[in-house]
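In this document, chain identifiers A, B, C, D and E correspond to the written order of the chains, with residue numbering beginning at 1 in each.
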Amino acid sequence: MLILTATGIAILAVMALALARALKADTVYDRILGVNMFGTKTSLFIAVIGFLGGRPDFLDIAIVYALINFIGMIAVLRFFEYTATDDALKINSTKQEQL
Amino acid sequence: MSFIVDYYNYWIVVFLMMAGFYIVISANNLVKKIVGLNIFQTSVFMLYISIGNVSGGSAPIVADGITRYSNPLPHVLILTAIVVGVATTSVGLALIVRIKRAYGTVEENEFEDKDDLI
Amino acid sequence: MFEQHSPVLPIILPLIAAPICILLGRSQLAWLFATFISALGFGISIGLMLTTLDQGVLSYSLGGWEPPWGIEVRVDAASALVLCVVTGISSLVLVYAKESIAKEIDSSQHTLYYTAHLLCLAGLSGILSTGDAFNLFVFLEISSLATYTLVSLASDKRCLTAAFRYLIMGTIGATFILIGVGMMYMKTGTLNMLDLAARISEYDSSRTLNTGLAFILVGVSIKLALFPLHMWLPPAYTHAPSAVSAFLASTATKVAVYVMVRFIFTIYGAEYVFHTMGMDTILLVLAIVAIFKCSFMATVQSNVKTVLAYSSVAQIGYMILGISLVSTLGLTAGLLHIFNHALMKGALFMAVGAVLLRTGSVDIKAFQGLGKQMPLTMAAFTIAGLSIIGVPLTAGFVSKWYLVTAALEQQEWTVAFLVLAGSLLAIIYVGRILEAAYFKNPAEGTTYKEAPLLMLIPLWILVFANIYFGIDTSMSVGAADTAAQWLTQPSSSPATALSVNMGGATQ
Amino acid sequence: MILESISTILLILGAFFSLTGAIGLFRFPDFFTRVHAASVTDSIATILIIFGLILRTDFDLVTVKLLLILVFLLFTSPTASHALAKSARHGGLLTLPEIRATKKEDCSS
Amino acid sequence: MTELIDLVLLGMLAITALRIIFLKDLFAVVMLFGIYSFLSALIFVNLDAVDVAFTEASVGAGISTVLMLGTLALTGRKEKTNNHTTFLPLLVVVITGAALIYGTLDMPPFGDPDNPAQQHVAPRYIQDSPQEIGLPNMVTSVLASYRGFDTLGETAVVFAAAIGVLSLLGLPKHEKAAIESGLKSHLVLRVVAKLIVPLTLLFALYVQFHGDYGPGGGFQAGVIAAAAIILYALVFGLPMATHVIQPTLLKALAAIGVLIYAGTGFASFFLGGNFLDYNVLASDPVAGQHIGIILIELGVGVTVFAAMLSIFYAFAGQAERANIQ
């Protein structure tokens, strides 16, 4: 039980970090990366709290999370096919200036 | 102290609702308004689910060895409300697409200048 | 065998007819079918009203689950009265719509128009007959979503922004109602209206219940376009297709007024709302400001549809005024005005739609000289306009009369005076249009034909109704009076349970 | 008992890898290295944690569902990372060494 | 533990909401909204509302986000800085918030089993529904039977939304000779998608029919099935998807779903019960309930699948058209 709690807290911490990345990202790709990591960790977290609450039969929700996260990612990528990616060039040049 | 333990959930939910409400009424961009509307509604859903929660309870699906279940009624109501929410969102977004095509902008102040929106 | 199910039929008939319309595909068929269903609903509603007045409140438990566990459909005199208005206007508008939308809506979307109209009708009927607070929210949203669609069907691009604004405001209103219902549920543990009433009366005053009521009232006020929250209404009614304006102006806001009455009188009880919370003064002030501000706005518009839209907001002020007088007579006046205003606004918007069809414009300039060119349409417009002003022998006079009497009964001399003064403004805004129609010459070389018969018939039916209910008031006043009595003294309403399981079939 | 201790070890390792990945999200210098840190640890942490949980089940439907989640995540997460990195590359985002190189070219020219 | 997780998640939600207020990049706003939706679904799981979490995750984070992204592709990414005064909205929000806080001060404590909400109507659902309806999932029992009329309304709402979107945007024309679309260059993605799509459809079927026993039901299943086709359309392009499931078929399906639901209600008319009374559908009431619930869940599933997918088609069709020009 204790170890499950510890794992849960660790995953929650990772979620918080991923969220921080998504909230405060310097490139849009970083933001997507944070969101993606957040999504996968969320489905793990649901699996863990299923065990913590003693009702592990609700894992269906974790599956839905994984699935929806994937679809969301693809939709985001499709979005980038449409809109110009001048972000990347801008980021390259700001990075250049920093160096 | 028990006062805070009793109510913290409601207070944060109220804060979230108001954040969403603020976005709806202050945002200039129509898409952002819709996002705000969604945040507002989702937070109201949380209020309902908080009402139905029973501490020490379990999800309202019968299982062996569980004696206390959370209240299923708010869950049912919110299932319906979520569907209503997504229906409104999709119609709103469709309107935005048409507005963009007709006016060339989705910024509220821009087409209000252009057009005699009473 | 359908008699025992009659309370639920006005809701589910249009609800099931809407998808059938889509499957029918052809717009002619869809029109015939939708009109038939709507007329059927009207017939059932009249039957319901007669039964209710005769035998008392009809209750029908859906799924056979007794309330408060299941959802109850509950038809009393007030719901039956407004139900008759809604289904009746809907049938007339559908007849009218065929010619009207031919020009205003793209032909590929006619079937969608009829479907959305039926969905809206189903939603409105559901709001009127349900006895469950959350179920009311669901039907409110069905009708609202259909309404946004209907408004946005017009070919003018401004209908899009109008519909969007309506959508945002309407959804905020609905969400407020949802918050309010949640707070009521939190304190009482039930959603059935009667059960809520019983349990709320156990509390003297509760902060949560007060807040819940405040949110519900604000939410409903948005839906019914009470004065400071009315900004969505004028653009929506102006830019919607004429048939839609006629339908919405005479039904949607009325239903919202009904919802407000329901929450105030049935659920919370007049005592709680008016004495404990002191809502009557707020409503009274807002109603009077609405009457004057919006009547004034109506006098300065050049678009006739906008004039009528502002006039609607002002007329809603009269209804709220009746409610806020806190008396049976006041409530009677309010309900009566719901009925009468539907007749006149429906007729006015239909007449304007006919003008739009022929002249292609609804600017006040387009009306110049129409008195001679479209005599039937303009005669109808004139009579309905006189009714709005409140000239004797029209329906409008009756409701104004009752309002003034109710105000005098409460010794509210100023209110009575203000009601009369508001009518003066109505004379101005109606008069301007009539002046253009009868005393100005048409622009040179323009001749317009009279409106098609299919539009004139429903228009004139409404006009005759305006005159009929202005002379023979026994039916409308009788129903409104019974409804008001049942609402203010819930114990006086006889109840009949219409349930198969309980063996209580009425026959 | 043995199963449980193995499960404990797996869960601890999984949690550890998740945390390292999350830290890598902040500490690495450019986007491509960050993707690398995130996606690799994501996969290994998922495998470890799911297997840690599987050892705690009674090997019934729950186990199957857990395996399904594992399959799902193992397919989708690396794919998404791959597609993301590819998009970034396609969009013109450069790695740090490349930026340095172009910088040098700029200076020399 | 529940309270602790609740608090942490609520904190994350608050930060996300605040960030959304100030962000001008709408693309980021929509992504953060996806996170917001995910987080609230987590809260629902944590507060035992598994069915709600299921729906919120698939609808809020899935469908809504995809539709919002589709809209952004057509309307542009950046919110322009506005010169509106922010004072008035702030005032309105503060007053509303203050009213709500005032309302909370009299509320029953969070999570207390003696709250009025837990006392009056709910105990019957919890204690008697497993016998009266015969299903372990009380949410399904209440949703489909006790409050089946609400759910009929909900189905009508979805149908109305589909009608609204179709009238506004129209369905994409079914063209075989389509332009290049889809994520052509992502080979790995295309292979994985081919694996995932059938798996997801299978999962949707499971959710549809397992909803009586676990979290899930017609609504969730419809959304997941639609999500599978949406994934297909995203990866392989809209024309491929419309080739598999034609838009006109979807329109008919959306109508048929509502008819299945309402038809079940009418069936109980003719068998002598009240509208939506499933007891009369079979000789044994519990068996009747079961038949009724399966039928109406099917109706819900069909309508939701068709409506969600046709809404997506309408948006994607617009995006595709904009892309050609």
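As a convention for this text, a residue touches a chain if its C-beta (ideal position, glycine included) is under 8 Å from a C-beta of that chain, and two chains touch if they have at least 3 such contacts.
Remember, predicted model here, so these are calculated numbers, not experimental data.
Peer 1: By that same contact rule, can you tell me which chains touch subunit D and subunit E alike?
Peer 2: In this structure, the chains that contact subunit E and also subunit D are A.
Peer 1: Which chains are in contact with both subunit C and subunit E?
Peer 2: B
Peer 1: Measuring centre to centre, with centres taken as mean CA positions, what chain is farthest from subunit D?
Peer 2: Of all chains, C has its centre farthest from that of subunit D.
Peer 1: Taking each chain's centre as the mean of its C-alpha atoms, which one ends up farthest from the centre of subunit A?
Peer 2: Result for the farthest chain: C.
Peer 1: If you count the C-beta pairs in contact for each pair of chains, which pair comes out on top?
Peer 2: B-E
Peer 1: What's the distance between the Cα centroids of subunit B and subunit D, rounded to whole Å?
Peer 2: Each chain's C-alpha centroid was found; their separation is 32 Å.
Peer 1: Taking each chain's centre as the mean of its CA atoms, how far is subunit C from subunit D in angstrom?
Peer 2: So the centroids are 59 Å from each other.
Peer 1: Round to the nearest whole Å and give the separation of the Cα centres of subunit B and subunit C.
Peer 2: 28
Peer 1: Roughly how far is subunit A from subunit D, centre to centre by C-alpha average, rounded to an integer in Å?
Peer 2: 10
Peer 1: Indicate the residues of subunit A shared as contacts by at least two other chains.
Peer 2: 32, 53, 57-58, 60, 63, 67, 69-70, 74, 77
Peer 1: Identify all positions of subunit D at which a residue touches two or more other chains, and write them in rising order.
Peer 2: 72, 76, 79, 83, 90
Peer 1: If I count partner chains per residue in subunit E, which residues reach a count of at least 2?
Peer 2: Within subunit E, residues 2, 50, 70, 72, 100, 104-105, 107, 115, 117-118, 121-122, 125, 147, 150, 153-154, 157, 160-161, 164, 168, 183, 186, 189, 196, 214-215 contact more than one other chain.
Peer 1: Quick one: which chain pairs are touching?
Peer 2: Touch list across chains, by label: A-B, A-D, A-E, B-C, B-E, C-E, D-E.
Peer 1: Contact residues on subunit E for subunit A in the complex?
Peer 2: Those in contact with subunit A are residues 1-2, 5, 8, 12, 15-16, 19, 25, 27-28, 31-32, 34-35, 38, 41-42, 45-46, 50, 53-54, 57-58, 61-62, 65-66, 69-70, 72-73, 77, 183, 186, 189, 193, 196, 200, 203, 206-207, 210, 214-216, 220, 224, 227, 230-231, 234-235, 319, 323.
Peer 1: Touching residues of subunit B toward subunit C in the complex: what are they?
Peer 2: Within the complex, subunit B touches subunit C at residues 17, 21, 24, 30, 33, 37, 40-41, 44, 47-48, 51, 73-74, 77, 80-81, 84, 87-88, 91-92, 95-96, 98-99, 102-103, 111, 115, 117-118.
Peer 1: Which positions of subunit D touch subunit E when the two form their complex?
Peer 2: Where subunit D meets subunit E, its residues are 72, 75-76, 79, 82-83, 86, 90.
Peer 1: Can you name the residues of subunit A that touch subunit D in the complex?
Peer 2: 3-4, 6-7, 10-11, 13-14, 17-18, 20-21, 27, 29-30, 32-34, 36-37, 40-41, 43-44, 47-48, 51, 56-57, 59-60, 62-63, 66-67, 69-70, 73-74, 77, 80, 85, 87-89, 91-92, 95-96, 99
Peer 1: Hey, which residues of subunit B end up touching subunit E in the complex?
Peer 2: Checking each residue of subunit B against subunit E gives 5-23, 25-32, 34-36, 38-39, 42-43, 45-46, 49-63, 68-80, 82-91, 93-98, 100, 106-110.
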